[in-house]
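Both complexes below contain chain A, partnered by chain B and then by chain C.
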Partner chain A sequence: MESTSIFFTSFKTTDLWFLAEAAYRTLLISGISISLGTVLGLIFGWLLHEGRLISTFILSPFLDIFRSVPLIIQLVLAYNFAPIIGLNIDPFGSGAIVLTIYTTALVANVVRGGIDSVGIPMRRAARSLGMTYWQDMIYVVSPIGIRAVFPAWVGVALGVMKDSALVSVLGYVELLRASQILITRTQEPFLILALAGAFYFALSFPIARFSERLEKRWSQ
Partner chain B sequence: MDYNFHWRPVFRSLPDLLNAGLVTLEVATLSMVFGVIIGIVFAIIRLKMRGPIRWFVISWIELARNTPALFQLFFFGFGLGAFGIHLTPFWIVLAGLTFNNAGYLAENFRGGFQAIPETQMRAARSLGMNASQAYVRVIIPQVLRTVYHPMTNQMVWAVLMSSLGMLVGFRELSGETQFLASKTFRIFEYFAVAAVIYYVIVKIIIGGSRLLSFRLFRY
Partner chain C sequence: MIEIRGLHKYFGEVHVLQGIDLDVNKGEVLSIIGASGSGKSTLLYCINALEGIDEGRITVDGVEVHAKSTDINKLRQKLGMVFQQWNSFPHLTALENVALSPRIVRKMSRSDAKKLAARRLEHIGLGDKLNSYPNALSGGQQQRLAIARALAMEPSYMLFDETTSALDPELVGEVLDAMRLLAEEGMTMICVTHEMGFARDVSDRVAYIHDGAIEEIGTPEQIFSNPKSERTSRFLANVR
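Up next, the complex of A and B:
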């Protein structure tokens, strides 16, 4: 018994700080990927809507790959491909890159749906009022399109936040990985997993509820 | 770039990978079957019932939707260990996926049930059907039609999520790939082939569901 007590120690308050720091890392990597992915997704979504040939034959199938292959496989592939072409990227970097591309692929589709949801007569009316293409985009398409797909975008963002847990396979210590480390040391799986789950839930549930309410209000 | 790709060991073990792909399909399909059954029941409970059962159902749904799938797998893997319940990797993945699918599908079904006009139920009842007959013969077939596409998406998600089995020691496509890759250190090559297999599986599911919808939904 003497020897095991060195390896297994009970859950202490300092471990809460360890978990909090890991939660910060989860927020960091998902925040970076969601914001970058949203910007790129806006551009690619617009391309999907506008560029007919390019989007149907190149862009659309390419983005489709990222939605048809498990994220965990994408992460392992990217992490192991970087050294092959001579790059040396740490787990955070490759995780952020893969999550960004993944977000881009999902957001591009949402944005395309948003632009498509604005009726052609509406856009013709805008143009015939003398608006330029970009004025039409900014003053007519974006207010209507954003209302139509904002809840879908929230869903994507929350999904990426939850999927960021998978970056742990590369060795990046985010919340779920940190809880695994603590479980190995303290042998208290239930308590620690409940803490980690509560954090994800506390972040995701209010935002999901808020977007649901917004969707209801906008549809009236 | 001085890396030599070695695809031969991967192609030699291709039969193993394809078999593992079947395991992936099997566990995803089973989790969908259970998920659909539980999802329908939960949707009805959430819409029609009051009291503690409804609260249990709502907390299941919200937990499934608002925590990472990996967390749910870990919970069934390690969390239940605290109560002395130790599941085999297959059951961990099946239980985790079913928990997740049921939560998402219940919400889809709830939307489907709300889309069916009340008059359908009354018409069925006035024809002399009892409540369960009306549900099975009139309401649920129509609901299945409206949630057909979300269900296809959920099936794709189930296949993609089953790859998390790799992290709890289940030898489905990803787990088998990792096992084989760690024997030869051809990690990139193995996972690239696994990615292709996943892509093909997903395309088969989407294409098959489209074909089936032509057959099912013609008038």
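Up next, the complex of A and C:
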């Protein structure tokens, strides 16, 4: 039994730090993807709503591909495809790019739904008051649309954060990958997965709480 | 003055407006009556270019509404409009609903816009609802809010598109009263309406529209008591 202890050592407090660092990487890659994906999603969602020909024939099918192909396949394809066209991107880079596009595709549809939720009569009322297209967009459509689809956006954000675990297949040491490393060493899957789960929870809980409070304020 | 000449409008294959000629003078109240689908609301939408036109010409105080060179956002400030659906901005209080366009379109300061909005709302009997959100207001109150919101742009003309059709019967009166008050103050008004009592009492002229054309236009007495057209009398017999 003594020889096995070379390979398997029990869980130490420094491992907790190792997990915390990995949680930070999860936060980093999902934070970047969600932020960029939301900004791009706003633009593409607006295009989906407004630009008829472009959105029907190019944008919509393109976004549909990224929404429907499993993320893990997209990640592996992108990571292996990049060197072929001469790009040298590390796992973090390719993971962030794929997650961003994936988020963009999801957010674009949420945004389109938000704009659509503000009916034509409401928009005509705004325009009849002399508002320009963009004044109507900023002061009327945005606040009403955001309230309508904010819960859906939170769902996307939380989903992307959890899905960022898939970037582990590329070797990026985020929470899931770190847990696997620790499990291999300590042979304590229950403890470590429970800890990893707790970290994921700690990352999503503030977002969920924050959105809950926002929604409550809006409903007044 | 609003001048409409040879106005034609199509929705796809449907010829909705078939050559409308109409003048509306300053200070006049014109009611437009007619069956649903006769094109009377479309006519109203054409006047402030919420709908495009296919033929003809509309001018407001000499400015051609549908000309490319016309700054339509500026022109629309002259043309207040109230719709069948009141379309209150649900995220804003009554006061903010009214103050929004004066602030962003007329570039008034926040406090001036709020003062103006408060005056407008008090004038129309909503002085105690300044800080209420639309979902706490009745349909009639929201429709009065929509009138105050349009008036806050200090328009020269007001267009009313079946403003009472979506209201519960007991709420119609307060909105008509608000419109009466406005007419008494000398506002130029074009009212598309199914309220024959209002059309008879308040209007200077009444136009009956049939299938996208003005069948008959005249004083309320002429239209309601002594219509020249067979179609007009048949329509009036049916709505009474």
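Brief remarks on what is shown
The rule we apply is simple: the second predicted complex is superposed on the first by the 203 of 220 C-alpha atoms of A that agree within 3 Å, B and C clash if a C-alpha of one lies under 4 Å from a C-alpha of the other, contacts with A are read in each partner's own complex, and residues count from 1 in each chain.
The working rule: a contact is a pair of C-beta atoms (placed from the backbone, for glycine too) under 8 Å apart; a residue touches a chain by one contact, two chains touch by 3 or more.
Fair warning: this is a prediction, and the values are worked out from it, not measured in the lab.
Contacts of A:143 after superposition on the shared chain: chain C is touched, whereas chain B is not.
Judged by the touch definition given at the top, the superposed model places A:135 against chain C, while chain B stays out of reach.
Touch criterion not met for A:13: it reaches neither chain B nor chain C. Contact with chain C, but none with chain B, is seen for A:124 once the two complexes are overlaid on the shared chain.
After superposition on the shared chain, chain A has more residues touched by B, the comparison being chain B against chain C. In the superposition on chain A, A:218 makes contact with chain C only, while chain B stays out of contact range. After overlaying the two complexes on the shared chain, residue contacts for A:68 are found with chain B alone; chain C is out of touch.
When the two complexes are laid over each other on chain A, chain A has no residue in contact with both chain B and chain C.
Within the complex formed with chain C, the residues of chain A that make contact are 121-122, 124-132, 135, 139-140, 143-144, 147, 218, 220.
Interface of chain A with chain B (complex): residues 65, 68-74, 76-77, 80-81, 83-86, 158, 162-163, 165-166, 168-169, 176, 179-180, 183, 188-190, 193-194, 196-197, 200-201, 204-205, 208.
Note for the complex: chain B touches chain A at residues 1, 3, 62-63, 65-71, 74-75, 78-79, 81-83, 156, 160-161, 163-164, 166-167, 174, 177, 187-188, 191-192, 194-195, 198-199, 202-203. By the touch criterion given at the top, residues 45, 48, 50, 73-74, 76-77, 79-81, 83, 85, 87, 89-91, 100-101, 104-106, 133, 146, 149-150, 153 of chain C touch chain A in their complex.
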